[in-house]
Amino acid sequence: MTSARNESRRPHLQQLGEWWNSLPRTRQWLVLIPVVLLIYALPVLNPPILSTEPGTNFPIACFNAARFALIALGLNVVVGQAGLLDLGYVGFFAVGAYVAALFTSPDSALAKLPYLVTLPLAMVITMFFGVVLGTPTLRLRGDYLAIVTLGFGEIVRLLATIVPPLKGQVGFQEVGHPPGRLPDGSLIFASSNGTPWYWLVVTLTIAMLMLVGNLERSRVGRAWVAIREDEDAAQIMGVPTFKFKLWAFAIGAAIGGLSGALFAGEVGFVNNQKFDVPTSVLFLAAVVLGGSGNKVGVLLGAFVVSYVPDRFTELANYKYLIFGLALIILMIFRPQGLLGARQRLLAKGREAYQRLIGRPEQVSSESALAAESAKGVGA
Amino acid sequence: MSGARLVRVLTLAAVASLSVAGCAAKTNSGDSGGGAGSNVDIPVVSQLPVPPNAASPAGSGNATCSGVTIAYAGAETGPNAQLGINILNGVQLAINEHNQANKNCQVALKKFDTEGDPGKAPGVVTQLVSESDIIGVIGLPFSGESKATGGTFQQANLVHITPSATNPALTKNGWSTFFRALGNDAVQGPAAAKFIVDKLKANKVCVVQDDSDYGIGLATAANQALGDKAKDCQDKVTTGQKDFSATVSKIMNAKPDAVFYSGYYAEGAPLDQQLVNKGFTGKFVAPDGVKDDKFLQLAGDASGNAYFTCPCVPGELLQKFSDAYKGVSGGQAPGTYSLEGYDATTILLKGIDSGIKDRAGLTNYVKNYDGDGFSKHFKWDATGELATSTVYGYKVDHGKIVYVGTIS
Amino acid sequence: MALLELSDVSVHYGRIQALCGITLTVEQGEVVTLIGANGAGKTTTMRAISGIRPLSGGRIRFQGDDITRLRADLRVVRGISQAPEGRGVFPGMTVQENLEMGAYARRDKKSVPEDFDRVFALFPRLAERRSQVGGTLSGGEQQMLAIGRALMARPRLLLLDEPSMGLAPQFIQQIFRIVTEINEQGTTVLLVEQNARQALTRAHRAYVLETGRIVKSGTGAELLADTSIKEAYLGVA
Amino acid sequence: MHPLTTFLADAWINFDVGSLRDQFWSNTFDGLTYGAIYALVAMGYTLVYGVLNLINFAHSEVFIVGAYAVFFVLSGLGFGPSAPALSIGALVADLLLAMVAAMLVSAAVAVILERVAYRPLRRKGVPRLVFLITAIGASFTIQYLIFIWRGPSAEPAVIMFRPEAVFTVFGADIDDQQLTIVAAALVLMLVADVFVNRTRLGRGVRAVAQDPDTATLMGVNKERVIMLTFLMGGLLAGAASLFYVMKVPSGVQYSGGFILGIKAFAAAVLGGIGNIRGALLGGLLLGVVSNYGQTLLGASQWSDVVAFVVLVVVLMFRPTGILGESLGKARV
Amino acid sequence: MSQETGLQEVPDEAGEEHVQVEGGIVAELERMTPEERAEHEAEVAEVVAPDREIAVGFGETLLELREVTVRFGGLVALDAVSFGIRRGEILGLIGPNGAGKTTCFNAMTGVYRPTSGQVLLEDRPLGRRKRHQITRLGIARTFQNIRLFGEMTALENVVVGTDARHRTSVLGALLRGPRHRREEAEAVERAMALLEFVGIADRAADKARNLPYGYQRRLEIARALATEPKLLCLDEPAAGFNPAEKEQLMGLIRKIRDDGYTVLLIEHDMRLVMGVTDRIVVLEFGKKIAEGLPAEIRDNPAVIAAYLGVPDDGAA
């Protein structure tokens, strides 16, 4: 990626952003509804250029991408919005997956629950884990926090390996799934049928987008960004920083847990193998690639991280190398990610700006992670 | 001795830390130490009786068919690729021989890479199943991925023969499309025990298992058969472990005649190597998961005390097969499960040659199949388990894995 | 030829311009002072001269050579030495080590002991505290150490950034006396000060900075008599 | 019984106090050996952190690359999975050669890393987190380059010599391997300590660590000092890799640096990051403690879990570590 | 798809679009007659004015420092400093660089805890309260080196200030409960008024980091005012200003006081301090050396000595 290309793309993206900003709400809906419908129809359409077949079944590739999108959305709350680098996000993902497995798999000694009940349960339990991890560690400085969370992710994986009731590599078979059968008697939510799972995840992702969006455009979202930009100043402006950091951690954890439980349900099998640090870094790459702090950006990043190895199966062996290199190159040349940070922090911001100055606010493409630098210069 | 040792320590430490960049000429040729002091010698068997009427893929040469495809699904990349490639080459060889002999029946081969990952396999298999020209499948090689995908094959009524997945539970899922071209762990475990007790004359055995489904299942079966001989010496290791000093000292204290390691070569090799380097002189017995040239490479001279059990046939002893195989593999000799892959493909090809064009037909054909292959006699029971199966014994001899005859 | 020459120097911090075209000269043997309010750009000027802050425009010449793009550590070798604002004493090093750091870039190691003697003669206090760690010195002692350390480089031009800051009066007196003494020993001094009267009294010439620009210059005495200066720095009309 | 009770009553953690009691001293000595290795690697984290205030996440790969160099040199010299029969002189010469090669390779990787990945960022003055992400990217890149080159499995073991007990203390054997590693590591750390605290260049390093701008005003070339710290960290990591291969002969694998790197970082934090003597103290302590944990809890992974828990606890209660932070204050 | 916004908006809001005014209020203001403008400004001032219960009466001591000492290691930054700030006044805190002004300031706003002594707000000691709690109690400040939230717009920065008085819970924000909506609407209203009040409404929609220096300084003041402080502390608000800008700033500070706030001003520029403050406290070497009316301070020999420096070799 050369800087020349960046220059030419940036105004373009910015124009698009400004155009979108200038549209009235109703028009935005007119554009959005067909886009959303198109997203839902994707696995059925299986468009030839996009299709990942014959390497990977396209609906399942779609499910994977959607699952990554949900993960990225959750991690973005922590990394992008609150500016807390979490390298152990896979730990929450794992806890969610194990919750689903422990309560639905016949291999578990625990009472059986309907699969759909385990989704909110997974969120509650991972949230609890988020609070337990966050309470002692969120006072730490950014990079220490990153290493401690990395340690947490590894501890979850190691415990899954060495604590007998979690069944290590043997794992749990026949993890549950939502009920329902097709007319021919086969399961709707079968492991082999990606489409219903995809729709479920897309629906939950949209719901989470709305909820996280609500948070963003409230004192909570503003507190997060303020903490990210300058934690001391935020405190002095009356932001209870610890409380809101903990909330970011807990909410991010809950979404991670939800996606873990969904993953467990779709694959139908949970063991200790897929919750390692490389997976965690892949999650981080999804967030950073598209632009941490930008919800659309992280969705895009998640799509790239999940789709590229599925589509170009010959690259499968190289995927970690590719994303590792991508992280270096991106940080050097475009630390804000492909789209850059983008947040709206006021519920009625559009109206306010229109009333005050007759135009929408600036579109930014700065890095959400770059905020800390201001401190370095100042102090 | 201790004085000289101390001198060496001090010299090492001092020289090392001063980092004097001098380097001396090299005068080393690794000794053969290690000491697999074998007091029991099992002779090498260099002949493998081939069933006279073993089915060959070429068949009669006048089959007609069109537009049918056989698929291979399994690892081509990823950490467990080698096993998959062994099988794939066997499959490829069978298809080649068939298509060469039968000009009017060209069967296509499609390959699907699962990376051996139970998380990835469902997506791959779902895709495979959706391609309607595929009427038979060889795969999947590993138990975990087989477990994750058996239902998908079942739904599509698509027959798949695994040449290497040995978990006994796989045939207990009620799948009618799953067939296993070799004996399962429930057969191999007791066979290994028998081998250790009867052939190696061991009275005291340590059983070390890894944390995989495979390792645990096999160890359980072997322990049952070993009974009192192994009851005092048990240990566990985990996948990815590098340092086995705790396990090694446990074994050294127990002083067993043999160690049965139930797992894969990645941990088995360093374990054996560390045992031998600590002065262990007993036998090291391990199942098919360890029987691999990689074991020899990783354990080096220490591998001299190793014996293997495997429900697999030594394909390399079939000269004709071995030569033909090298043509496909680019010079590599047949590996573990190459011949099973070859035989399983032959069965599917015979079905196609008999005029079958659809999945249901081929499933039915395999279900009722009864005939010799190069590796063994193939006839399945209702669950997809072979009616009779044999376990074969191997040992390491002069840096090579050699066949020592059947066990059961 | 002036010893130091800044022409039209501009410096930006991000988008904010801290210096907008400063032009000034320091002649061999002079004491020149820069005065101005907080945020006027005095420290930025010093950092630009010593090379820690890159210029966004203009030139700097030292002994006739263009040093605009010269690396900061090489400027020390050329003879520009600075006692920075806030002293910048290395807190974990002893007084001795701090002074040795001052001679870090020196090529003529043999004459370093002479300079130790010279510094200890100027600041006997430092000799007493030779093996004390920098972080535990008092503010005045730290300032002496910072100046002494800068002298250890045997500079042609000594940059002093607010040497009186936070010091008790007796120390301020002493520091300024020493500045004069150093100058009389032959070192050219560029001094940034808040303590306008002291600075103007000691300086041969002075510049007044306001929001990144030089608004006035003249001899120390001239500026000391200037009513607008009095007004700005004491509020007396 | 209620399923939840069964689940919870299942053996989650077994404390094997008996084993720990029996093996206490042998655990201690072995832990010190691992600790010496952690300490050498921790030096790399501590030096870079001291000077740049940044965690060089890719240092674990600097280390593992050294281990590969050891593997290749020793394999080339005929070492393999069994101990060779060599005279002491020849053995020392071979090991020395391997160590020098590993030190050079590791140092080269560290310096290249600094130039290619970190320097451009420093020039831009990016915040710490961006730097950390780059470092993670670099760590990944190196790991998977090795993966593609050498494949997923570990390299065959290279045995340098078979450890033999030299003397017995508290009923536990101390072998020549343990002595070699601990002694050599101590000497190397001492050399590093003397370099940083007693030489002119070392003073430059400390000056940059304490106040980079002022250090520049003293004529210290900051870029060169930074390069030097990466170089030193690389050299020590390379030396550590020889001892690592000595101790864990089958440990040469693409991902083999990761856990060790985290443990070394934990050791650095435990001792007080940025503090050279702290790295030694932290390394030895962590080695011993995680070894106890492993024996007490009964699986080798517990060693890692214990290390992580130590890291979290230290950061929670004394984030400056036992000896306190900062390179320059090491002498206090 | 480039922006996501529409997605999360609740549809029922789509209906109430505002009448589009070309250029908005800012442009409209330009077109107003002086009377209309005065009326508008009065409205703005009304919205900005503090609407809080304050326990002390006008002219009584609002905040008091009692023998406050702050030590860093061996260094005494503040040495038993005592003074009070009366409600409704502008108090100047001056002293040479390094005299302890900022330390004093930090001790008041909870950034440092005094080593000994007490800070009392409305006769109640601040004690060991956290910084954000102190803000909620009613002390707000600006920073010497501007510390805005650079990625937020000017308006958003100010709304963060108003959030100090908000009580919406995370759940309330998640589900957009009635309190959230009410607080949100009020906050934007007040924030817009504040931007107008300090005179930077025309750049309300710009990222703070893209604002000109002078705007950033004033935005800091607006953000601090948004927390509805009983006491507003300004830390060198005129640093880097030219005389014309300083003049404007003096006007603004007076306007703030006239609107009902109490102001503490740390400043270097004597002209500004003398021009705007009601009383002045002078610090030197961490000690209070004088306190009084500007005119008294101006003639105080100790202050003159501290500022201009004692004449050569004169007595200290």
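Descriptive notes on the structure:
Per-chain numbering from 1; labels A, B, C, D and E assigned in written order.
Just so we're on the same page, a residue touches a chain if its C-beta (ideal position, glycine included) is under 8 Å from a C-beta of that chain, and two chains touch if they have at least 3 such contacts.
The model shown is predicted, which means the values in this text are computed figures rather than measured ones.
Looking at the partners of subunit A and subunit D together, the chains they share are B. With A-E and B-D as the two chain pairs, more C-beta contacts join A-E.
The geometric centre of subunit C is 34 Å away from that of subunit E, both derived from CA atoms. Distance from the subunit D centre to the subunit E centre is 50 Å, each centre being the mean of its Cα atoms. Here the CA centre of subunit B is 78 Å from the CA centre of subunit C.
Along subunit A, residues 161-162, 317, 371 each make contact with two or more other chains. Those residues of subunit C in touch with two or more other chains are numbered 14. Residue positions 78, 238 of subunit B each touch two or more of the other chains. Listed by label, the pairs of touching chains are A-B, A-D, A-E, B-D, C-D, C-E. Subunit E makes touch with subunit A in their complex at residues 1-9, 11, 13-14, 17-18, 20-27, 109-111, 130-132, 135-136, 140-141, 143, 145-153, 155-156, 159-161, 163-166, 168, 170, 173-176, 180-181, 183-185, 188, 191-192, 195, 201-202, 204-207, 209-210, 223-224, 227. Every residue of subunit D that touches subunit B in the complex is listed here, in rising order: 30, 77-86, 88-97, 99-100, 103, 152-157, 159, 162, 164-167, 176, 179-180, 183-184, 187-188, 191, 239, 242, 247-251, 253, 256, 294-295, 299-301. The touching residues of subunit D, counted against subunit C in their complex, run 200, 203-204, 206-207, 210-211, 213-222, 326-332.
Across the complex, subunit D meets subunit A through its residues 2-4, 6-7, 10-13, 54-55, 117, 120-121, 125-134, 136-141, 143-145, 147-148, 258-259, 262, 265-266, 269, 297, 299, 301-302, 304-305, 308-309, 311-312, 315-316, 319. On the side of subunit B, the complex with subunit A involves touching residues 77-78, 110, 113, 115, 117-119, 122-127, 129-131, 144, 147-149, 151-152, 155, 210-213, 216, 238-239.
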